[in-house]
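Taking it in order: structure first as structure tokens, then the write-up.
By letter and in written order, the chains are A, B, C and D; residue numbering begins at 1 in each of them.
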Amino acid sequence: MSKDIARERIARRIAHELQDGMVVNLGIGLPTWVANFLPSGSEVLLQSENGFVGLGPAPLPGQEDPDVTNAGGQPVTIVPGGACFDSAMSFAIIRGGHVDVTVLGALEVDEEGNLANWMVPGKMVPGMGGAMDLTVGARRVIVAMEHTAKGKPKILKKCTLPLTARQQVDLIVTELAVIEVTPQGLVLKEIAPDTTVAEVVAQTEATLIINSIKIMEV
Amino acid sequence: MIKKLRTPSEALAEMPSGATVMIGGFLGVGTPETLIEEMLRKDTKDLTLIGNDTGFPDRGIGRLIVAKRAKKVLASHVGTNPETGRQMHAGETEVVLVPQGTLAEQVRAGGAGLGGVLTPTGVGTIVEEGKQKITVNGREFLLEVALQADYALIKAHKADELGNLVYRRATRNFNPLMAMAAKTVVAEVEEIVPVGELDPDEIITPGLFVTYLVKRGRKDE
Amino acid sequence: MIKKLRTPSEALAEMPSGATVMIGGFLGVGTPETLIEEMLRKDTKDLTLIGNDTGFPDRGIGRLIVAKRAKKVLASHVGTNPETGRQMHAGETEVVLVPQGTLAEQVRAGGAGLGGVLTPTGVGTIVEEGKQKITVNGREFLLEVALQADYALIKAHKADELGNLVYRRATRNFNPLMAMAAKTVVAEVEEIVPVGELDPDEIITPGLFVTYLVKRGRKDE
Amino acid sequence: MSKDIARERIARRIAHELQDGMVVNLGIGLPTWVANFLPSGSEVLLQSENGFVGLGPAPLPGQEDPDVTNAGGQPVTIVPGGACFDSAMSFAIIRGGHVDVTVLGALEVDEEGNLANWMVPGKMVPGMGGAMDLTVGARRVIVAMEHTAKGKPKILKKCTLPLTARQQVDLIVTELAVIEVTPQGLVLKEIAPDTTVAEVVAQTEATLIINSIKIMEV
């Protein structure tokens, strides 16, 4: 499966988790794609941690406003009813539990719902930006990531990289599976139509609890 | 009326090497580029810079990093400026990475006379190293202490002559917080209007926080 | 669009006795009097009320005190309502006096997901009794913990249909802070305008905090 | 001396301490009077802790705006260039050291600069309102009060009432004297033209350090 098809599938599946009236923060990269798969007329309210709520689609070429960018620095728009604020208010919204769902990428996730996505010691240290606050503060944390990296599992028994947050992940969506984090461990809820439970288990280092399984809508 | 309008060089004339300087903006959006220009022109160095991120090599705080003016940087994100990472790994510049919401509260606390705040962010991660953990109602929090600076260089959209400020869209970010937390606050603005033209309800930063105003793009003769 | 407009009785229908209720206003200025009217009409009692002050016997939060609806009150000042003092001295109502700036930060912390803040206010006074003292950079601070509520009843000037709020002049006070700190937030407003009519830069309380809107003066049939 | 003349004298003297550009918070009661004695065209910026800066004079009868009141609930005005904010910002200004001078009334002041002005146990417990934050946060704390209460000294060796703040008072102005609080103790700086050093000392329980003394401008 091409990377783009995998990513589109993940974003499309996560869009089903978002309902009208929810306040949602989409991380940079793959999570941003989720917005493209919301039904038209959707009333999901997107929060942009650089300082506003009511994040709208990219502007038409030539209509960019340099003062209106998303947390990745790209030109965006603000929908009618949007509101701007400073960084203290932005993170009061995030940390204070006023964001219903955050969708974040990950380098590693583990059986306890631990998440690592901000540094690889000695290699890549971009900084956590808003990710630690989002993971701790949002009511529901959905990880959007490809199931493996260069063939190696990313869903582990225990994260090896420095954590972004401890025990905060609620749901993991990959191109192969939808996995829920529960106090008992990781529960495999859905698998993609073009895979098998055995393949998902093979590509996952963590133990998966398997009861009833649905086929993922892709 | 006490006049606050200055040229960039007048506004920053007394900034010494070794100063702690907060600079507003988020990936360069809402960063006072004219003031950064002036800092580059001066030979101020060994600075401690506090900002959300280090921008890009050619934009925002990143230009000061490239020019090696910082001995220490506090930021939530440095990924868009590879030079910051290089200096960090080479041991040339000390880089302290701080969760964005924590940094916002630390700056706000500095301005508000608070000693610090208790945040759940960073508990169970390397961010908690060296910090006091305090349990409130059975939940663990990190004590994050207030930050203050010698200078805050901020960017606003409009000012009146008293220094009352309004911001536009996503440029607000850390600017109003930093305006509270420094001894000398220099605001770079697009436009200066007469006193009374801004409605008291629309002002975000009251002029009492602002030491000097500089017009964006203003060059010294 | 998710409709937020309610009558007073609809908005407060589920408020139980024993609830913790934050109420905005400063000596009745910026207090949601229509919502207080509705609380008086209902038989809700044993409330814990949190507000800047207890208003006057016939205005603001004071009306709830006179009607003996509170078992506990947190406020910075009760001097303008003699009935509060009477109930306090008679042991009928528990009154906790909190410095105004501390109360503001406690409510804000509750809304911002912070466990609390460190303030120098109250050090060396009876306010410090029973509180943790923490020294930061050689200075003593009191740890004041976050406050949250079941309901926040606030007053704004204008709302749009999404619940975005703007305030007018001195009526703002605790209202935007309480809007962040409660499970159910009911905003009483003078006027409701269509979505898009408020500029994103002028909105003080984003609509995401607001559960219901009630028109000031609205009576139930 | 009548109460009103005493109070006017105190207010008038304190007005001399305030300079253009200063941010000043005047407490309820006597301190409020200070504003009446600022020179015309004064650019002292008055902060009102209920939520704005740029406190102006009382409005003309019939022109009151119910949304514009001072911290005592009285109708006031906002001068051009004034700005409104919430209570967290108001006390960020106060606690954060952005108020240059606060003028407060007092029940008792003592040799250490301790202040008591918010309760008399068992009798009067109005609450501290903003007074504790103002006393701790303002750069300079000036106490405005009559020298004695019913003939009993209010300037004491040690406060007997519950404190508003510890060691924060900088200057005490009464109808009889101007007294500075220093690390060495209370220094008598000025006396009123119609009193004597002996009388001031007699009406003061605290020890006064006396070097050079000026006559108070009244």
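Convention: contacts are C-beta pairs under 8 Å (C-beta built on N, C-alpha and C of every residue); 3 or more make two chains touch, one makes a residue touch a chain.
Owing to the predicted nature of the structure, the values given are computational and were not obtained by experimental measurement.
Any chain that touches subunit B and also touches subunit D is listed here: C. Each chain gets a centre from the mean of its Cα atoms; for subunit A and subunit B, those two points are 29 Å apart.
The distance from the centre of subunit A to the centre of subunit D, with each centre set as the mean of the Cα atoms, comes to 55 Å.
Averaging C-alpha coordinates per chain places the centre of subunit A 35 Å away from that of subunit C. Each chain gets a centre from the mean of its Cα atoms; for subunit B and subunit C, those two points are 32 Å apart. Shared interface positions of subunit B, i.e. residues touching 2 or more other chains, are given as 105, 108, 112-114, 119-120, 167-169, 172, 200-201.
Chain contacts: subunit A has residues 52, 78, 84-85, 88, 91, 94-95, 136-137 touching two or more partner chains. Annotation, chain-chain contacts: A-B, A-C, B-C, B-D, C-D (touch as defined at the top).
The touching residues of subunit C, when paired with subunit A in their complex, are 1-2, 108, 110-114, 160-162, 164, 180, 195-196, 198, 200-201, 203, 206-209.
On subunit B, the positions that touch subunit C within their shared complex are 105, 109, 112-120, 132, 134, 136-137, 139, 141, 143, 145-146, 166-169, 172, 200-202.
On subunit D, the positions that touch subunit C within their shared complex are 48-52, 65-69, 71-73, 78, 84-88, 90-91, 94-95, 114, 122, 124-133, 136-137, 162-167. Looking at the complex, you find that subunit C touches subunit D at residues 26-30, 52-53, 75-80, 85, 88-89, 97, 99-105, 108, 119-127, 157, 167-177, 204.
Across the interface of their complex, subunit B is touched by residues 20-21, 23, 43, 45, 47, 52-54, 78, 80-85, 88, 91-98, 136-137 of subunit D.
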